[in-house]
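Before any comments, here is the structure.
Chains: A, B, C and D, in written order; residue numbering restarts at 1 for each.
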Amino acid sequence: MSSVTQMIQTHPGRKEELERQLTETLEAASACAQVCRICADACLGEQSVDHLRTCIRTDLDCADICAATAAVLSRQAGSSPTLVQAVLEACRTACSACAAECEQHAEMHEHCRICAEACRRCEQACTDLLAALT
Amino acid sequence: MSSVTQMIQTHPGRKEELERQLTETLEAASACAQVCRICADACLGEQSVDHLRTCIRTDLDCADICAATAAVLSRQAGSSPTLVQAVLEACRTACSACAAECEQHAEMHEHCRICAEACRRCEQACTDLLAALT
Amino acid sequence: MSSVTQMIQTHPGRKEELERQLTETLEAASACAQVCRICADACLGEQSVDHLRTCIRTDLDCADICAATAAVLSRQAGSSPTLVQAVLEACRTACSACAAECEQHAEMHEHCRICAEACRRCEQACTDLLAALT
Amino acid sequence: MSSVTQMIQTHPGRKEELERQLTETLEAASACAQVCRICADACLGEQSVDHLRTCIRTDLDCADICAATAAVLSRQAGSSPTLVQAVLEACRTACSACAAECEQHAEMHEHCRICAEACRRCEQACTDLLAALT
């Protein structure tokens, strides 16, 4: 079965660029997972927790999916391209949903503003890596 | 924002069926994550570890994605349908890849045979739930 | 370096008993992680979410520690006894804290009652396994 | 029930120092989890995988425990001090075991050398935070 590494090797001259993108996406996903978990807890500490239920759930969903994505990308030498693409799609979707939710509270809560930015960075990294892999 | 719960509520008469499917998929994904982790470790303990590298990586990828899927499905009342669908797609892909890999070693290694079965059950549960959600 | 397996092998006649306990604890920790995540989300859905913040956090802490414990126990053939003991201690502590918190809401919320029971089962399994390993 | 925050608040003048240590440990644990996962996969890719089985398992144990520790520390405002201490003890033990293992292969494998350093940094951060919390 083919692998990301093999795929990379079939793109002469683009290898270093793809490795850079893999590493950037891994770091963006890992950072986003961490930031989303802190945002969930910060939301839980707000007086207005009642209005932040969806935000907390979306934060936790995004954290779990980003953490799994980072773990899969850590094994970049061995995963099947189909699997990598599917997890990148899920990560992009989760980050987009979480960013959209957090942006609604960004003016009120600084942690939501920072979280939305981390989500948008990870969403972009996943989008770029998907484009490079296909 | 819409939610799986709201989606379920718009399907009169099908609510209990969907809840049953959500629960079944959650349990299949949770069991599959556990079984894949044990299979990875069992492969690592085999004399023929050299030939089981891809199997170990695929096990670990599948474990991480199934665990994230189970976590998302635990928040079934609040996740966006788009996100649930994307994570179910990733889970189905990971389970299919891991089953295909483990099936190659199923006659040699009992743990791979059991793992392939757990992956196929989870793959089917994800496929059925995706069909029910769309 | 020594391992749980080697430790088990130095206890003649007790091997099967220890393996049974390892498996029971692995299953209790895996189930507890899942139940705690669902309890956190159920608490987040309650009208009285304001009073359930500590419960949600304790649920999430317990879920994360139980999941890590289950993962370590999946590699039962290879982990160092010191590491297994330390993670079992952390798991026992997390389960005890989460049970104590959920028991305060058990009469009001059925999910907290069920979660407290899962935590107490996992706490007991960790305690028994720790006693068997030392 | 008491909390890390409350504990911090009872140490007048030391608050900022403790918050800095919490943050440092959170970052060290998150980085260590990531590095250990990559080391496990790099070991799995080595010709000498046969001799690296213990290293792979210890890497994976350390990754799982560090990730759980980072998640608990993300909820620094709400966890019970007993639970935080127990998870820090487990994390310190896992990092110490993984560093000791990786150090044996540090001259042969650059990834083991880097991983051992990340483990030692996290071990030290946990030790310092434990000292500050008690």
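Assume contacts are C-beta pairs under 8 Å (C-beta built on N, C-alpha and C of every residue); 3 or more make two chains touch, one makes a residue touch a chain.
As the structure is a prediction and not an experimental result, all values here were calculated from the model.
Looking at B-D and B-C side by side, the one with more C-beta contacts is B-C.
Distance from the chain C centre to the chain D centre is 20 Å, each centre being the mean of its Cα atoms. Centroids of chain B and chain C (each the mean of its C-alpha atoms) stand 22 Å apart. Rounded to whole angstrom units, the spacing between the C-alpha centres of chain B and chain D is 29. Across the assembly, chain B contributes 41, 44-45, 53, 57, 60, 67, 71, 75, 77-78 as residues in contact with two or more other chains.
Interchain contacts join each chain to each other chain, per the touch definition above. Residues 26, 30, 34, 37-38, 41-42, 44-45, 67, 70-71, 74-78 of chain C touch chain B in their complex. Across the interface of their complex, chain D is touched by residues 41, 44-45, 49-50, 53, 56-57, 60 of chain B. Taken together, the chain C residues at the contact with chain D in this complex read 1, 53-54, 57-58, 60-61, 64-65, 67-68, 71-72, 75, 78-80, 82-83, 86-87, 89-90, 92-94, 97, 100-101.
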